[in-house]
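Before I ask anything, here is the structure I am working with.
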């Protein structure tokens, strides 16, 4: 394992020290593992809090700032945070208008946020939880823990963050988050596996010419393995897989997030995006907005995920709203 | 039956310390099982949690079994994260809440049953979903049956440990329907569940603690 | 080789199609391989043009936009662009106030931009060239092609771009660019080599536990190879190496760019940045501004480079000025 | 000497077509040499350039040698990039500018010398810096000497090719002081320079074109 770290045990703490040093606009509580905005919003406003295992940077800490999150709770690498973090975050940023937790659908995250919500309620805070479950690689049946939460998290955090910033009430912000999640589907392909520092070796073995189709952001297995194919074919397959599940029809508008999983050069992401855009055009879907880059990563995994969110006037307007975070800025 | 030893604070503390030692020892195995159908961190998750519990119990000092186990549960919740942290944390808190003082076998049986209820309430797993529940359920049944027929604490706990181990082994042919392993679908079949395995470890440790 | 491409030959063209699809705010001339702003600046303004081999994205195309570049000329992967591109770009964006070429110091880039400047002059355009040569891994002697241009390019393009946007005259913009370059030094460490698509295999072999200290952004060899060490040691060495060359003294202020080489997770970059910040503090250097992320990459190379630019009031003010490009945004 | 054939348009075109064929064939070797001390693209750079030159010459149609070589140089500049594109591009443009019509050996010698001047003006390399200059310089000297002593075109070109090949081989013990290889410092010693090698190829091709 070749990594720029001090020790596997100290990765999270050391990275938080770096975040603190690099971002005076954030307040980083290293012992409690909570990242908040350095400047508290003025009036009462719904506080938007997210969190999850580390290793997906810039998610979530990179999205803390005006127009997006109020706080992020980073867990150990690929391990959900503990309720104490979310409670500390909620107490730190609650601003008289209640708290929304944005939670990616993984058993650990769901349960830890659930306990946090209980604890926060005991302390008199009003909490709503928005569950993100957009990964169509997993069938959403009683046979599974349900679809995983991936790229749609960025969409939910951005749009709900914009709405919260405008002073919308708690239930409205939560409802918007749920609506954006419901309007979103994602699908990912990995070329290589991620190596968790504490594990010291790749999470799965993939032969030199094979890809994992439908991979999860912690290296969860996908639908199948197959030979690597040209970007054009992979893009078409990913688009078609999402459209099948999503029931978009010609004429629909989407926000498209083409996300790098961590080790994919931006040059390649643009190659893929060109093919995604072409395929969507063939299928009659209009891309109203797009975002290409590393937003929900999986450590050093090579590959990409595509998220398509059905757009409407309100969502586009919230998507376009100003935001000022380390990883997403818009004037 | 004044002669029958009861499950008191010192025994509760010994149990937790013994779990910490057992987890330390079995960590590679738990990690290996979790690598096969999960994300390979179950061993280190529990080690982190129970190591923290030892520190918490040091700070707590002598206490009744309820306080010991509640503190343990709270610590697990605060330190573990992942799926097992809240599940075991809630379980130990529920066991603790049901043990205001030194307990006879029947009381301990009900406390362990309350722990199972807490796991099921939070995790919503049914027996057969290939989880902690599949070891904990037969363990509670065995403990309760033994206690009802007059078994001593060591006898009941040994029966529970045997049942938990059997339950853990019986998860091997199951397809996971909860947690990370459920993403594997049919590919989860043929592997023993890590959480059920650690539950068996927790019950075996209880039996050993009560026996020695 | 595992890459998200169609064919090695079409990488640049396919990626440009993706850039065009993803960025309506840019105009991408695919046949001529020139990226410009979709909206031309209103009044006369010095046109800032850069370019270089592809594979370093977001450099340079990702820095085209108000407050930074007017045009970028991407060459084939790791190959300098040809003069025709720069000429086409200059003719497209020249706006009555002359043209500044920002050129990274590599023999091929220097010569192709030199020919472009000749051609542009023949067409009556006034051209100045700013050479960027900040990589202290190479001794700047008559025995070499001189120090290579790396991270400082971002600083030069940002600050000169801000100055040009304000209407400063040609010589002033060029002089500022030269001043920023002279105030900047960089040094890089690679954990793995990059794979050029056309080559199909990594540019160099690095044993599983070794790093290349002083690597160039095309995989040029560094000062030496050694065993991987903790991030703290590597950060200290990189800081000290730069300070030795740079003659910064305690109390000096710097802008620090901690740059990922392409395949390094942001989590690790933050770990390194925490150590960089700590080492700079130990050495009495104040970080006035910082930027952590992938800005001057080397395809799928894992590793990082650090650039330190001695700051003063003018540079900080230009660094803070608004910018609106795909890869760098500031309100 | 009305019998001596002159270097005319068709010969110039044959030369460029032969270079394209030779580069195609020798690409792996050039790439290998450039991988050792450069970035491994010298072969593909030249292939891209000379392939484009063929297309450009097809479009140009029959022309005098100056027009053929100027067009070749312009195409190399437009298509190659890297270090070799501008250097060879400028060189062929300079050779072309010195050949308004069919040329006798002495005129071609001066044209090739003008090509060398162009390389040196742009690249600022001295002999011994381990570059194109180290093959081109002895080639020009040999060509000029042969022409001065009444050699025919094939004879002069063969002498130049021999000298260029010797010059290329002689780059092996040198330490590079220009271009990418200079970053290697002493580690560039022991490898033959790719650019000098392609220059030798260009001169050998000229000799073969004029001989057949």
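First chain written, first letter: the chains are A, B, C and D, and each begins at residue 1.
FYI, contacts are C-beta pairs under 8 Å (C-beta built on N, C-alpha and C of every residue); 3 or more make two chains touch, one makes a residue touch a chain.
Values in this document were obtained by computation on a predicted structure and should not be read as measured data.
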Chain whose average C-alpha position is farthest from subunit B's own: D
Computed distance of Cα centres, subunit C from subunit B, in Å: 56
Centroid distance [mean C-alpha coordinates] between subunit D and subunit B, Å: 79
Whole-Å gap separating subunit A and subunit B, where each centre is the average of the chain's CA atoms: 33
Multi-chain contact sites of subunit A, meaning residues that touch two or more partners: none
Touch-based graph of the chains, sorted into line, ring, star, complete or other: line
Footprint of subunit A on subunit B - complex, ascending: 35, 39-41, 44-45, 77-87, 89-90, 122-123, 175, 177-180, 182-185, 187
Parts of subunit A lying in touch with subunit B, wherever the complex brings them together: 53, 75-76, 78-84, 106-108, 111-112, 114-115, 138, 142-145, 148, 196, 198-199, 203, 216, 218-221
Of all residues in subunit C, those that touch subunit A in their complex: 2-7, 11, 14-22, 54-55, 57-58, 62, 77, 191-192, 208-209, 211, 228, 230-232, 234, 258, 262-275, 277-278, 287, 290-292, 294, 297, 299-300, 302-304, 322, 324, 329-331
